[in-house]
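Same chain, two partners: subunit A is paired with subunit B first, then with subunit C.
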Partner chain A sequence: MTAYLIRRLLQMMLTFVGATFIVYALMFSIASDPLQALAGDKPLNPSQRAQLTAQYHLDEPFIKQYGYYMKGLVTGKFGRAISGRQIADVMAEAWPRTLQLGLIALLIAIVLGISGGVYAGLRRGGAFDQTSLALTLVVIGTPIFVIGTVFQSVFAVELGWFRPSYAPELGIATYILPAIVLGLLSLATGMRLTRTSVAENLRSDYVRTASSKGLTRRRIVAVHVLRNSLIPVVTFLGTELGGLMSGAMVTEGIFNIPGIGGRLFQGIRLEDGPLVVTIVSLLILIYLVTSLLVDLLYAVLDPRIRHG
Partner chain B sequence: MTKSRLTTPGLLLAAIAVTLLAGCGKKPGAAAPQDLVVSIGIGEPKSLIPSSTTETEGAKVMDALFTSLVDYDKDMRPVDLAAESITTQDNKVWVIKLLPGWTFHNGEPVIADSYINAWNAGAWGPNAHDGNNFFVKIAGYDAMNPTRKGATPTAKKLTGLRKLDDLSFEVTLTSPYVNFKSMLGYTAFLPLPAAAFTDLANNQIDPAFQDAPIGQGPFRMQGKWQHDQLIQTVRYEKYAGAGKPHVAGVDFKIYQTQTTQYQDLLAGQLDIVPQIPLENLSGAIADLGARYKTSPASTIQILAFPTFDPRFSKVEIRRAISKAIDRDEIIQKIFLTSQAPLRSFVSPLVPGYRPNTCGEACVFNPQKARALFNAAGGPAAVKGRIEIAYNVDGGHKPWVDATCNQLRTNLGVECLGNPQPKFAEMLTKAEHKEPMGMFRMGWVFDYPAMENYLWPLYSTHGSSNYYGYSNPQFDHLVEAGDQAATPEAATALYQQAEDLLVRDVPVLPLRYALNSFGHSTRVANVEMDMFFRVKLLDLTAAPN
Partner chain C sequence: MSHLLELQDLHVDFRTREGVAQVLNGVSCHVDAGETLAILGESGSGKSVTAQAIMGILDMPPAVVRSGRILYQGQDILAMSENARRELRGTQIAMVFQDALSALNPVFTVGWQISEALRVRQGMDRGAALERAVELMERVKIPAARARLQDYPHQFSGGMRQRVMIAMALALHPKVLIADEPTTALDVTVQAQIMDLLAELKQQLGMALILITHDLGVVASVADRIAVMYAGRIVEQSDVYELYRRPAYPYTRALLESIPRLDRGGEPLKVIRGLPPNLQRIPPGCPFHPRCPIEQPRCRELLPPEVAVGPQRLSACHRAQEVLNGTA
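So, the complex of A and B:
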């Protein structure tokens, strides 16, 4: 187990460095003139351009720029975003918000997705199963932008149950509507997955054996079916956290949450390599950690799998 | 299966609902008129240092925290505001006398040094302030701004600034400039308190200053700039200006999109949306009624003909294209009259503006347009196709497509929009003389003067003349106007210069922008100025 962990951690480091390099290279290749992008429609005066070019090393070759960036990353100095703010400050403000949003969305997806899926799987072909199938298809087929705008108009503006935009004074409650919108797709997918898995397992041999041994249906479902049915669902939802956070850009925009989505969008627009790479690196880190956790959870759920 | 398991989703929904209702408890109560705090939607400012605030979002906040030396009367002529007098004999040496009794929000008196220090810091190249270019006319600027890479400035102070006494100073320009007083209304010329500096001699401004700027305006900061969220200000009780605020404070709420601002206005969470986005406009006219308003703003939209593109080298072709565009139809159908047609080369907001200087070339007439076009060679002259380049991040696609449809119908030539990811990329292409067709441009003035359009847009070395128009006679007339003895004499020369543009049609004037704004039922007397700013001193609470 320890050997496995060490191996995985080493792989993670390699993946991390490789991924940041690729993202930095991509940003470098699309950047035409970050300073002009920052200045907008107005021209930049020559003395200001000379100053900023030197400050951000914009005229130096790619490998040197990457070197400056990695040096900063290792020494804990992220440097300045091209908009002038310290990247570390931007990260410290934005990440907690996106993390809260992503976790609440994930929680909604897990709780509603699994319980709905189990119920639909147990009553396969029933009214709930049919309606939830129709609804999940609608959700999967609708762009998140449309869902977000409609939910904002209906539940926030018309009904007044929520605020249409981020309101820090409400605390965690301000994330609920955006989290529902964000988590809806994972919820729908998770629910279909659980439902199929439960329905399949209910017809398997070990369930028949268990019921012929005289176990109660409750015990069969809760202990045997659920545990086995959750394996594919855990894999899906586990890796979903990273996806939710990188997908938060649209939701954050609609609900005006000042999280990393907005910063990432701004960074790409301003061709701000260091800012984009810092955000993406952290996203990669989350992907890596969650997939490691999922693999470890696997072994707990399925005793046949042993990491050695 | 038991009952309890069945109801889990229901229980969770109930739990969410309870949390929500608890969250909704806080509603703004009915405040006394004087205690009203008005919320205004803005985008995240780039900077809150006066000499580095050149975009409209930061300028909205600056207008609350600072008061400029001059304001503009209804004819757009400068009038003294924080200044007692601004006088000159020759338009080259200007004496600025300050009104006594003004104080910064930290108690420091506003003196001549407050202006001199702030302008020196703004003009000093290594600070790389966005407003740096505004000091270029003041003597000593060049020594502070070497353009060669790696060179260090040879001076740290503008030689053209001289303190006369505590409340007056003298500004010497490199050459006479008749519009200098108008220019002083711009954000870059605001003062700074000594508290803003860590090292006065070296023009060093405390990096923390812009998170809580200290001005001498009608409102002062409450707390710090909460990036991407909120900037709160409260009424400054010792404000020395003639007008006083009628509300207790202004909250600038920072939004990523204007659509969310509008949703918040509908939900009663925001008082003023300074610019209602196009997609919400038809809804706004219905939802808000009299609370939806428009007023003139200074942006003009033009289509430029790159001189390096041989397709547009004939002036007849340019005229024909202009005559084939029905400006009014696009404004009604696409912009729902939130913009107005422009048939001159400067905005209607500047002194000296004359309507319809473009004359016949800007009058929609499809028959004449087609005849002119065919006489000049027809579709073959433009190699069978006209293109209009635009930046996709600015919402320009609908009107560019509509313009192309008109050209296709009225001239019988293929026309296509040419989308570019960013405006900066269009500029790069223009610099490298890559053909991309006609391209769109917008221009916002910095201060109301004809010259503020004529020089940057149409002169040979104009900072935004990306299309390469060059007419020595035009350049000469504008320069002569700048050095004229009186504003009236200057206007006459500027108008002669504009008349040359009519002959050459280097660009097509299309539209000028209106502020199209909406407000809540809590506020009244909501008006906006030509710089996209809410007139904060006019705001009052709505009568109950």
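So, the complex of A and C:
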């Protein structure tokens, strides 16, 4: 197990360096003149340009720039964005919002997806099952910006149950509607997965064995079927967190949440290499950590993996 | 005197979208304490459905018990409430399944699974239930039982897994043990060990054993009586010795003749021509007549009743006496 963990951590480091390198290279290649992008329409005088160029190492070769950047990232000095703000400040302000949004969305997807999926799987072919199959298909087929704007106008503007845009004074409650929108796709997929998994496990031989022990159906479902059915679901939903955070860009846009998505979008437009790469690096890190956690959890849930 | 377990004219249908399959068509048999009844038949003959009907673990739907009774200690268990039937499972009638790997839950340790019934049904605490699980594992001769308590099913060999299944079935001291093809998934030497174990346990615990199999060889050494099934009916019932010596049903005779024998080296093996009938369209008359070598015109029209052809011997063939005497 320890050897496995060390191997995984080394793999993670390699992936992390590789991914940041690619993102950095991409940003470097699209940047025509970031200083001019920063200045907008105003002309930039040569002395300003020289000073900024030196500050951001813009005249040095790509590999050196990447070296400076990684050195900063590893030592915790994120440096400044092209706009002049400390990247660390931007992060500290925006990340908590996106993190809260993503976690609430994941929570909604887990709770509703699993309970709905279990219910549908137990009564396969019933009214709830049929309806949810149709609805989840609609959700999976609809782009998130359509769902977002529809939900915003129906539940916030028309019905007035929520605020149509970000309202920090409401605290965590302001994230509920955006989190529903953001989590809906994971919810639908997770629900279908749970449903199929439960229905499949109900037909398995060990369920027959359990009932021949004289156990109640309630116990058979709650202990035997559920434990087996949740293995693929946990694996799926666990890896969704990273996806939810990067997917938050659209949702944040619709509901005006000043989270990481907005900063990322701004950074790409301003050709702000350091900012974009820092944000993407953190997203990659979240991906890597959650997938490691999920793999470890998988081994806990399924003994065949542990001893395999 | 009533038998420990008795099936009376049991009919079971499978109702699917494709139509109704008549899976059991009047099965009657019985078993008493200390006795082994083997139910023999090929795939689709209804032997496993018979076992599942007794356990009450048929998937309903599609299965429907059309008519008949299953008497346990004189009481019709088909008339009982689901709760009352559940109480019987494990404590009165228990079952060992064919493929122990899929029949055991992959995510729980064998100790947990053997002790589960003790904890849930008898309210034993965890420690005591695990102690009892060790005893049960020793009883079915699993070496180093205590050390293996925390192992998972996939860590056992096929034979050991089947022993775990048996230990689990014995946990609540059942009076009837049904073993549904318990050795089919195992290799031959292990098969013999498991059969010996079942026979020994039956003897020690005074249980009734119902052994479901398609393997005539497996039956011979263990069973007291045999019921041969074909197309959802019992076509012949007999004492084992008598059945092997003088079969009274053409299907049984053909089965015995299809076994390779050392003393008939060189001769081509005899086979039974044709296939078992589609249970949605069982042929009229005797269901075996299309494959029967001694078929007569009446066999195509008249369903032969089970007739006594000797003490404790039944055959459902129009020409039973002739088959028995070797004149047909």
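Here is the rule we use: the second predicted complex is superposed on the first by the 297 of 308 C-alpha atoms of A that agree within 3 Å, B and C clash if a C-alpha of one lies under 4 Å from a C-alpha of the other, contacts with A are read in each partner's own complex, and residues count from 1 in each chain.
The working rule: contacts are C-beta pairs under 8 Å (C-beta built on N, C-alpha and C of every residue); 3 or more make two chains touch, one makes a residue touch a chain.
Source: prediction; values computed, not measured.
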Check your understanding: Is this a clash or a fit when subunit B and subunit C both end up on subunit A?
Key -> fit
Review point. So, does A:G214 touch the first partner subunit B, the second partner subunit C, both, or neither?
Key: second
Review point. Hey, is it subunit B or subunit C that touches more of subunit A?
Key: B
Point to revise | First (subunit B), second (subunit C), both or neither touched by A:R304 | key: second
Exercise for review: With the two complexes superposed on chain A, say which partner A:R269 touches: subunit B (first), subunit C (second), both, or neither.
Suggested key: first
Review point. Between subunit B (first) and subunit C (second), which, if any, makes contact with A:R227: first, second, both or neither?
Key: second
Practice item. For A:D205, select first, second, both or neither according to whether it touches subunit B, subunit C, the two together, or no partner. Key: second
Point to revise | Superposed arrangement, angle subtended at the Cα centre of subunit A by subunit B and subunit C, nearest 10 degrees | key: 160
Practice item. Look at A:Q55 in the shared chain and tell me whether it touches subunit B only, subunit C only, both, or neither; answer first, second, both or neither. Key: first
Revision key, fill the gap. Least Cα-Cα separation in the three-chain superposition, subunit B to subunit C, whole Å, stands at 15
Practice item. Return the residues of subunit A at which the contacts from subunit B and from subunit C coincide. Key: none
Point to revise | subunit B residues within the subunit A interface of the complex | key: 1-2, 5-6, 8-9, 12, 16, 19-20, 22-24, 26, 46-47, 54-55, 125-130, 132-133, 136, 145-151, 227-229, 254-257, 259-260, 263-264, 266-267, 269, 393, 422-425, 427-428, 441-443, 463-464
Review point. What part of subunit A is in contact with subunit C in the complex they form?
Key: 203-206, 208-216, 219, 224, 227-228, 231, 301-304, 307
Point to revise | subunit C to subunit A touching residues, read off their complex | key: 52, 55, 57, 59, 86-91, 94-95, 97, 99, 102-109, 116-117, 120-121, 152, 154-155, 165, 168-169, 171-172
Check your understanding: For subunit A, which residues count as touching subunit B in their complex?
Key -> 32-33, 36-43, 45-48, 50-55, 59, 83-85, 89-90, 93-94, 111-112, 115-116, 118-119, 122, 152-153, 156-157, 160-174, 176, 217-218, 221, 252-256, 258, 262, 269
